[in-house]
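The structure under discussion appears below in the form of structure tokens.
In this document, chain identifiers A, B, C, D, E and F correspond to the written order of the chains, with residue numbering beginning at 1 in each.
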Amino acid sequence: MTENLFYFLSSLTLLCALMVVISKNPVHSVLFLIITFFTISGHYILLNAQFLAAVNIIVYAGAIMVLFLFVIMFLNLGKGSDKGIKTSMLSKITGTVAGGLLFVVMIAALKDAEVAGYNPESYNSQIGMVENLGKVLFTEYLLPFELASVLFLVAMVGAVMLGKKETGEQHF
Amino acid sequence: MEPLSNRSKKVQKREMTFAEKAYLPAIAQGLGITLKHFFKKKATVQYPEQTRERSEIWRGLHVLKRDENGAERCTACGLCAVACPAEAITMTAGERKAGEENLYREEKYAVTYEVNMLRCIFCGLCEEACPKAAIFLQDDKVAPARFERDEFIYGKDRLVEPLKTTETK
Amino acid sequence: MELTNENVLGKIISKFGEENIWDAFNPDGIMTITTNRESIHELIKYLRDDEELQISFLTTMCGIHFPGQGDKEMCMMYQLHSLRHNYRIRIKVFMPASDPVMPTMTDLYATANWMEREAFDFYGFIFTGHPNLTRILNIEEMEYHPMLKQYPLEDQTREDKINTYFGR
Amino acid sequence: MATENKKVELTDLEQFRLDNGLALTEEPQLTTLNLGPTHPATHGIFQNILQMDGEKIVDAVPTIGYIHRAFEKIAERRPFYQITPLTDRMNYCSSPINNMGYHMTVEKLLGITVPKRAQYIRVIMMELARISDHLICNSILGVDSGAFTGFLYVMQEREHIYDIYEEVCGARLTTNMGRIGGMERDLSPKALHLIDEFLKRFPKVWAEFEKMLTRNRIFIDRTTDVGAISAERALSYGFTGPNLRAAGVDYDVRVMNPYSSYEDFEFEIPVGSKGDTYDRFLVRNEEVWQSLKIIEQAYKNLPEGSYHADAPHYYLPPKQEVYRNMEALIYHFKIVMGEIDAPVGEVYHSVEGGNGELGFYLISDGGRTPYRLHFRRPCFIYYQAYTEMIKGGQLADAILTLSSLNVIAGELDA
Amino acid sequence: MSENTDIKLVEAPDGISGAGFFATSFEKVIGLARKHSLWPLPFATSCCGIEYMATMGSNYDISRFGSERPSFSPRQADILMVMGTIAKKMGPVVKQVYEQMAEPRWVIAVGACASSGGIFDTYSVLQGIDRVVPVDVYVPGCPPRPEQILDGLMRVQELAENESLRRRNSPEYQALLASYNIK
Amino acid sequence: MESVDLLYKAIYIIAIFGITLLIATYSTYFERKIAAFIQDRVGPNRAGPLGLLQPLADAGKLFFKEDFIPSKSSKALFILGPGIAMLVATMSSAVVPFGDNLIIGGHEINLIAIDVNIGVLYVFGVVSLGVYGLMVGGWASNNKFSLLGAIRAASQNISYELAMGLSLIAILMLSGTLSLREIAEQQQGFNWNIWYQPLGFLIFLVCAFAETNRTPFDLPESEAELIGGYHTEYGSMKLGMYLFAEYINIFVASAVMATLYFGAYNFPFMLELEAWLVNATEDAVTANNIVTLIGVAVMFAKIFLFIFFFMWVRWTLPRFRYDQLMKLGWQILIPLAILNILLTGGGILLKDYLF
């Protein structure tokens, strides 16, 4: 059952991820991206990492994508959304080359990769639970965790600076 | 601008106090008022079953009065039609024939008398204009809503007071 | 200075001359004077800006149509008010129907804008210099100026009325 | 997101762009939003085509005339007394003021003096009308800011005012009250009783309504500095009435040119300071209290005497006389037919309407109808300032400004 | 022009045609539901609008009929209540609003002006909205008392209760709409 | 898990779902009645006795109204919008504990649909998705009023989620768990969180109003400005679903508030009552069940009180303006919530230090 679910979720994830790229209408893209996040959260739940699943949804689907959608709605206002974007031949060629190269690199990287197995005896099914996660974060990975928070702080300051408009303009 | 008269009075506008700035007291006060009304007696008059009292001079549906002998008062002088700002009244006059004295009070009478209730604005000018006290706006009846436009041309069949009730109300 | 009809009229006439201000009379306590369209703009500006008069409030303006009066067929009435002195004055300008052209007052009073549009809509007055002289109340497609006396009031498509009943 | 709401100071370039219908800057795309003619907040019908930058209004183009009914043209075709029902329908929130204003104009033309009692009754009715006008306006301001309930509380009081109207003239809204030369009937005992009750009950209701909104910070924040207009601009736009008084000019026709014995009464003219929506709200609130004061005085000192002028040429004789007296019958016919031999002349008379100076400019050529009757309609005059008042504000501000101006479509379009 | 419920066409007996007993009683239930949930679109232009406010107010309380949710969006409304004068400038707007409403829809012309132009027999006023949209119920009065407005509403309730679910697809109805040049 | 347990669970879930829908349905009725009573009116009383069939009439009418899709809109998304709104709304009541354990035939049944140990986060996540329904619907309508409503909804929900989350953190610090059931259990008797977190509750309450788009935060659908906001173009049952979703959201918000701050199914002297009952009936199972059932009733009473409060406020207050709303959210509530966290942390430390 779990296995079937896994395959179903995976195929859905891939399909939706593909649709994100393919869709002509940016709003549709965003919506597919949201479904992608959902399916990824589904994977987390399969892995018994409920916290991650919930946070993934809250942060990505609940907040970030709302903002994406928000922006895109504004953009779409004036022009028709389904006119499609005209791309020049040059960019098509460069795109193909770049994509192909990425593909090659990924194949190369995955070729020698080994699937990490796990030991059923020593496996702790509670590893994805909140308590364990918290413990690990605040003991073993304290430094990276704090560094990440500094990074966030910097990002926040930057966002505030960017968001602050020049004087004389209406803020809302 | 300096005042034009000595009667001006500045409206009271003070700064918000801290409590007012914290939203809560005013909100609580408002909630208190609405809660008080929640338990208050309701003002509603349940219309089709009960009706609200109307004043005795309410200008409702027209009626063509009869006199104390049951004869129609209207003499088709046309003053009401002239006085009507909405031009809702039309009539044709006729001569009373012999033997109709109990039907019509004067020698001239209205053969047809029509009020277009859709045009009518119930201003009461016709009642005021009538020198014979024939047309009268009743206080206890209003023109009802209907489905068809044609139904609103009230002819004499619907305007003239029924014979039985000769006394006014 | 107490504003009375006499001293206001005197002031105006001394400023603009007898040839531009005439027919002063007082039908209802409000002095009414007549002027021509060349001096109307200057006159209203003077009344507004004069330190003593301060007649600086445009109460209303409206058009009037007097058919069959030669070159006095169209009339534009301005009524001004000095809030300071509580003094009202009425100014009329007559012109022929063939040429109802006047200067605009929109540069003096913001409120004149729509009043002039209304006068244009109703009577067809042309106010030179008006920023947007289009119909205001009636539909754009209307072909005539309905308040002119020769046009009927009634809706011409109404069928349920027999005119003979009303003697009108 | 910073959340200042300041009026925008435009640079020259921006002003140029604005004047030429260009987007303010390259970046923000302006949206056109069509407010009206059937938008719920317009309470009546007029259209505003707004240019919006997000929530901010950059420009507005008003269109009016959606209920143009040609009052002035009708008035040229109807005898003098038939015009009263027309005036009802101009500012239908306070029809008695219109009725009385018109009657006083015609009386001025005909040279009739109305006895004191009739004048006092008129004052009572006009002030009741002012109260009903202001309470609609202020409670609708509440509705548009989302507080619906206060509106229904004061609507009940309006019903009581209707009851008084009904007792005086027989109608609720379009009153057709009074006649040229006085009132059509005296105040009945029941009417007096109703007025008395109203004077006792209304202050409590109004105080309660004030309590719900006046010091509520949400409401204060919503209305302060919204749709402000300076006294100079207001005068240039021809503002009168509460909207001008909110800007700080104490111009009131009742005090400047007293009519109908207004000089007998003690009352004050409330004025605001900034001319914003909150000022307008407060001024109207205070005016309701002043009107109550006037009604109280008029009701207490109601003089004895006749309720109409002794003018048989113009005032319909009593019905009983018409049946018996030949002379009365002739007058009756002449008056109803409209042949009252009005003198040639022109008069202007203005009253303090619910919204400001309501003027009647009447030209008579001696015929049975007015030659020209021009209404100075305060709403028509206010509304053109609306564009200027809402520019730079937000959509929600525009709505509140509109309802606080109390623009009534019937009066606006005439 | 409007549908007269007094006149009933002879219908095929139950059970012979497709609509059997179940279907008709089902129609009744839906009719009842519609009757009690008529959401008005108050198209208030002038004086009658104020009387409509009074109708909404505590003393008359239109909500007793389940109609207190005014839907200013035509999509959500069931009855178009035209209250007040409709000038010729406004006529197309009324029509547009009517066209935007979803079936089943009813129209009440409240007051003299909306029904027939009333006192305003002038060049600028539409002489009755039935020149642009089909009207189901006329309410006379200028303005009508709230009681009369409620009367009008109850008249529409009658119509809604007795209306067949298929009436809106019937050729007669289509012809009626076509005569107004709607859709 | 045994199949019997599974069966009971299934029944329970269906029951909760049904109750949610029922309460949402009748919320419309109560909203109208409460509004009427507050405004000195009587409210709907002609559909059935006391107007009790009013919601059914509305539903019946909405179902049989012409289904309309604006010609220029994005059809799929137009239908998806109300669907998302409805789905998301119904999902969130799953983790709310409506009662303690019931013991039926030796089986202990938790009166909670799914007991996940991240219950709070679950509610939070699901609620944050609710905005998609409004956004997608508003955008797909291809109407500027709808779009404005959708945009307002989105920014409002994002902003207030932050303050809401922060105010929750204080609760989490106190209870040390993310599971709603455990939080409920900790508030045994009269030991409710509200006594420790009055400020947090206030912030949460305000945010709950904002998240459910109720007055004074009903900007997305503010009638006076935006006609209907995001649902301007919706008619028939799609509109019904939006309205429904709003009422379900109110229900869930009330349930969550009752659980987090007002002790869920706990009521004063609960233990004493149970002990007394055990003595009286000499049957621990019956006693437990009785107390649990009382607890369920208490829980629903609390929920109804909150729903009433929502409606009471709706008919009293004016609404904010957009920028004021943002100001309140970002400049007042978030700092307050952070302050609250600091105070709570300080309190906890102080307690550890002193005792």
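Here is the rule we use: a contact is a pair of C-beta atoms (placed from the backbone, for glycine too) under 8 Å apart; a residue touches a chain by one contact, two chains touch by 3 or more.
Here the structure is a predicted model, which means the values were calculated and not measured.
Counting hops only between chains that touch, chain D reaches chain E in a minimum of 1.
Set against the Cα centre of chain E, the chain with the most distant centre is A. On a Cα centroid basis, the chain most remote from chain F in this structure is C. With centres taken as mean Cα positions, chain F sits 64 Å from chain C.
Chain D and chain F have Cα centroids lying 46 Å from one another. Distance between chain centres (mean CA atoms), chain A to chain B: 70 Å. Our note on geometry: chain A versus chain F, Cα centroid distance of 29 Å, whole angstroms.
Along chain B, residues 4, 27, 30, 33-34, 37, 42-44, 46, 82, 85, 87, 116, 121-123 each make contact with two or more other chains. Multi-chain contact residues of chain E (touching two or more other chains): 57-59, 61, 64, 72, 89, 116-117, 119, 121-125, 142, 145. Residue positions of chain C touching 2 or more other chains, listed in rising order: 83, 86, 137-139, 146, 153, 160-161. Remark: chain D residues 78, 81-86, 147, 149, 153, 156, 163, 166-167, 169-171, 174, 176, 184-185, 190, 208, 211-212, 215-218, 220, 231, 248-252, 255-256, 267-273, 278-279, 282-283, 285-286, 316, 319, 322-323, 329, 332-333, 336-338 touch chain B in the complex.
Interface of chain D with chain E (complex): residues 37-40, 43-45, 65-70, 73-74, 85-86, 88-89, 92-93, 136, 152-153, 155-156, 158-159, 162, 172-174, 409-410, 413.
On the side of chain E, the complex with chain B involves touching residues 1-5, 58-61, 64, 108, 112, 115-119, 121, 128, 130, 135-142, 144-148, 150-152, 154-155, 159. Against chain E, in their complex, chain F makes its touches with residues 32, 35-36, 39-47, 51, 53-54, 56-62, 64-68, 223, 227-228, 231-236, 239. In the complex of the two chains, the chain E residues touching chain F come out as 29-30, 32-38, 57-58, 61, 63-66, 68-69, 71-73, 75-76, 78, 102-104, 165, 168.
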